[in-house]
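One structure coming up, written as structure tokens, with questions to follow.
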Amino acid sequence: MTDLNNRRLDAAAFDAERGEVLQGWATGAGVCFADALRVQEALPVEKRFAVALAEADAQGHTLLQPRAGVALVREHVALLNGLSPYCDVLPTTIDAYTRHNRYAEAQEGIDRSRAAGTSLLNGFPAVNHGVEGCRRLVEALEKPVQVRHGTPDARLLAEITLAAGFSSFEGGGISYNIPYAKHVPLERSIRHWQYCDRLVGRFEEAGISINREPFGPLTGTLVPPFVSHVVAILEGLLALEQGVKCITLGYGQAGNVAQDIAALRSLRRLANHYFLNAGFTDYRLTTVFHQWMGGFPEDESQATAVICLGALVARQARATKIIVKTPHEASGVPTLEANQAGLKATRQMVNMISDQNRVDSPDIQMEIDVIEAEVHAVMREILRLGGGDVARGAVLAFAAGVMDVPFAPAKANLGKLTPVRDNHGAIRLFDVGNVPLPADVLAFHRDKIAERARAERRDPSFNMVVDDVRAISASKLVGRPA
Amino acid sequence: MTDLNNRRLDAAAFDAERGEVLQGWATGAGVCFADALRVQEALPVEKRFAVALAEADAQGHTLLQPRAGVALVREHVALLNGLSPYCDVLPTTIDAYTRHNRYAEAQEGIDRSRAAGTSLLNGFPAVNHGVEGCRRLVEALEKPVQVRHGTPDARLLAEITLAAGFSSFEGGGISYNIPYAKHVPLERSIRHWQYCDRLVGRFEEAGISINREPFGPLTGTLVPPFVSHVVAILEGLLALEQGVKCITLGYGQAGNVAQDIAALRSLRRLANHYFLNAGFTDYRLTTVFHQWMGGFPEDESQATAVICLGALVARQARATKIIVKTPHEASGVPTLEANQAGLKATRQMVNMISDQNRVDSPDIQMEIDVIEAEVHAVMREILRLGGGDVARGAVLAFAAGVMDVPFAPAKANLGKLTPVRDNHGAIRLFDVGNVPLPADVLAFHRDKIAERARAERRDPSFNMVVDDVRAISASKLVGRPA
Amino acid sequence: MSGDSQGYKVVLGVIGADCHAVGNRILTSVLTQGGIEVVNLGVMVSQDEFIDCARAEQAGAILVSSIYGHGELDCQDFRARCEERGLGDIVLYVGGNLVIGKQEFAAVEAQFRDMGFDRVFRPTVDLAEVIALLKSDIDQRRPAGLRNSRALPAERLSA
Amino acid sequence: MSGDSQGYKVVLGVIGADCHAVGNRILTSVLTQGGIEVVNLGVMVSQDEFIDCARAEQAGAILVSSIYGHGELDCQDFRARCEERGLGDIVLYVGGNLVIGKQEFAAVEAQFRDMGFDRVFRPTVDLAEVIALLKSDIDQRRPAGLRNSRALPAERLSA
């Protein structure tokens, strides 16, 4: 970590690096920043992600966005245009080979998909299709489109997709490493994402606002709100430093309604607090709520109920955007029809809740207090470790287990923190690992878990955690003994 | 109304009336009370409705019940046994001809259904099938089964079904007249339901508990909670007087979450208040929540979202039982599969909410206060009109419009009271008609409607009501101008 | 508009043993605002009640609703009954949930058109569309001397 | 139990570019409690890594997970590769969301059995059942001299 720090990348060094990045795959040669600006400038207002978000934020609306990506351009266009009437903003989910920069394997997936007449890739290999293929895609759509992926080194992907008219880019140096990679050093992915953010900053400086969205849900499994909040705040700060202006911070549904509403409300407040404290004022902050990211029930009616609970909570908490799941969730990549079904159910629920009273309760306020205390404690230690530099602080914090994401595959993550549900289904800490939470907060977690243990007449153990992970797909929130 | 009053029916007069009732259709000859007691005594505990309700109430569980009924016994058995794994208690929905004692037309429906190989009736014609046919049904099931109908004069239906081992009977002299008939005088239907309640009372005296469930949702369309609560309390008092002991009071989802939770909570409290005040102590009170009874969206995913909102609210309010809708609701009688789908979605939502924190908020408390003030005001006037007799009071109150059910077909109902949604979707009174609500409550309704009118920049009018009635099926709660 | 010789007068009701009153109230309100004079028989109306009323009122159309699924039984021979009673030419509409269970609408439509109904509607039909069709169909069936050369423009539904 | 010559040792991992770690953690925990020694390679494991490890550890089975839909590409020729490397007889299981999109499980099962997998599981399979099958299958494949006459009774999953 000799040279990592949270400072804006130097222009000359950035340009030199760009030269290398564009050589990562043959299609890199098709990228030209001047052309990219022209493409973005020519986008009609209804295809600009930042505009859609700003309008939703101003009018108090909640946008719906599905996930979708297939191997070939024509099929992907058809898929997105089939979803477009049911959603507000479009996705392009990138395939797993591209996420690991394995473009040769992605090419093989393209070729075999062509031969098979069906997509054998779990997403759209945007790098392989290049600026030209991606432009054909963007031009064939009528709504803003975002790149959604999971790529530790997304520099070439960002160059190609932004040059083609994508107007939002998901991910971040932490959130697209810890849950998505195994051996990538954190300092490397953060550095690579500084490049992506700086690229977006250059667009902003040229008057083109590109939305950036750190990935909120992380591993999507029993993630305590403070853990994803800290990552969101860190990635927000890193992005702002590189000149990003339009930021959407995310949170993945945990299941307990009070905790989820508290999480989404506190996320906006905490982020503003840290952004303003760091001296940033010229930014536009919105939020995104991910419907349940854990295991789904196989039955489609039951899956729809899981989707509906997420829709209700997202709207009650006034999220700017919802990432929508489908009734096929338990079976992997959904059909167009299943994706439409998820959107329609979500829309109906959002519409029914839209006008209703703001939800508030002592439980929600208590959860907000706990989350804020946790975030402040961890952020304080991260800033201390980094000597005030959040990039260095983040790397050191993960190495020390001061930050720790449950169930993450990355070696860069300690993996000692272990969450479990309490008796009401809220996520608490069974094992705090090395995370420096205040004593009163730890006592609160202990008491809440003890309450559940008494109710279930069993000691807290990893079995409880295993039961919780499998609970929703078995039609429960809390994994009780049979 | 020369002889109607709220007194227990005289034994000799009841027996004489029974002789006439059993001559209403040929199958009446098959009824024998001594045999009926033996049939009920022989029912295993898992087929007794009162037991299922008492256990759910004691353990804080919420039971699920679908609606279902087809013309022929064998097909109806198959239908109920197809639903049984997905629900807790079973229904038998009676066809519309039987509800109007048009047994000859019901017989024609049976015959034509046999010929067509598919049910042409919208329910099970229990009177035509007689004690013998109904016993075959009850014996073929593994769960308690209830008669659900809409019959102003249900005396013969009650005799036959209770003699056959049905252990719960829905309806009441008001709730099965006002929304279900056109020309039936209220004093007549109340008198006929005193008979049904007295019949149940005789079973209770012989040690057999039969559950009675006044029909909560009435017309199912923008019914203000106080309106259905007053009917529920009146029918509860009428039933208790005849010796009924096991009562389930109902409420139909109105759509606004705070108002719905408040309604279900206040229902139990208000009913206990009036029952105890009338000197009754030996009864078991439970509640039933009806998922949205108004128009549904045609799309099945959207319909499932409507079902899921009802499931969530019912469980948050801790209803003892939920009457479950299906994704086919907009298209009328559902298939077995659609009915299963509604139950599975409801179960998933109920399970996910089950363990969560009790929901409370100032909004809910305010709605409870409003509902209680309204119910007390109307009940006071009903008791005054009846000189302390709720049977006479109810008849006089409907005649005077002191009680008034919106959108009811019955001539016995004045039809001046007109509800409309407020800006948050709660049901308020656009026109109170002759209902004697306190001035402060009326001012509250006026203010709430004025708030919506300002938001929509239009004056309150019947157009607003029309828009509200059509709103849910058009994917909204409040019917706003386009 | 109502009472005018070029006006549009219809008889409306819910057929059979069906007591669903909500849609009937809504239809009456919307049709009236759409410039149609509605004679509303309410719920639980028999075929003969519809026909008696249409004759007495010289109505241009009968609008039959059925929500509860017995439409197939209740509407049987409705057109034949109209013909017997000298109303063979009257415009006959039916709408609602006409059969038991979810069936392909095209099949249901064909079935009820076979029974002699001129148009068949789903419960979710756009009522502005019904009003426009109704006026046009009534105009078409008027005795030649009374027929408008063009249907009057549909009054706009008030916002 | 582990280390015992009659014990059950398996190599577990998530194949290809798949980084879904949750199920892997759960499987490791449940299998271990079920009396199976698990050598867990974690996520993003190549065919050769599975095979190298199974050889080095003398494991009785390889358990391949795939959640992200590329199973069809990643698992291609796995049995053939095992055979090349002298592990032709090893018990080979695969489970997860193995293909893109919702497909009939029977078809997916047939497809992966054709690739040489002994058993194919849905993601929602009962893990107690997997443990029982795994022990029985490993016993069946043991060299005759080492084979148990009967499989050891499956250890009970702790409540």
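Read from first to last, the chains carry the letters A, B, C and D; within each, the first residue is number 1.
Just so we're on the same page, a residue touches a chain if its C-beta (ideal position, glycine included) is under 8 Å from a C-beta of that chain, and two chains touch if they have at least 3 such contacts.
Only a predicted model underlies this, so the values are computations on that prediction, with no experimental measurement involved.
Using mean Cα coordinates as chain centres, the one most removed from chain B is D.
With centres set at the average Cα position, the gap from chain B to chain C is 31 Å. Inter-chain spacing, taken between the CA centroids of chain C and chain D, is 67 Å. Rounded to whole angstrom units, the spacing between the C-alpha centres of chain A and chain C is 54. Pairwise chain contacts present here: A-B, A-D, B-C [touch as defined].
The touching residues of chain A, when paired with chain D in their complex, are 95-97, 99-100, 102, 105, 108-109, 112, 118-122, 150, 179-182, 219-221, 294-295, 298, 328, 330-335, 338, 407-409, 458, 462-463, 466, 469-470, 473, 481. The touching residues of chain D, when paired with chain A in their complex, are 16-22, 24-26, 29-30, 33, 42-44, 67-70, 72-73, 97, 99-103, 122-124, 158-159. Only residues 255-258, 297, 299-302, 304-306, 308-309, 311-312, 327, 340-342, 344-349, 351-357, 359-363, 423-425, 472, 475-478 of chain A touch chain B when the two sit together in their complex.
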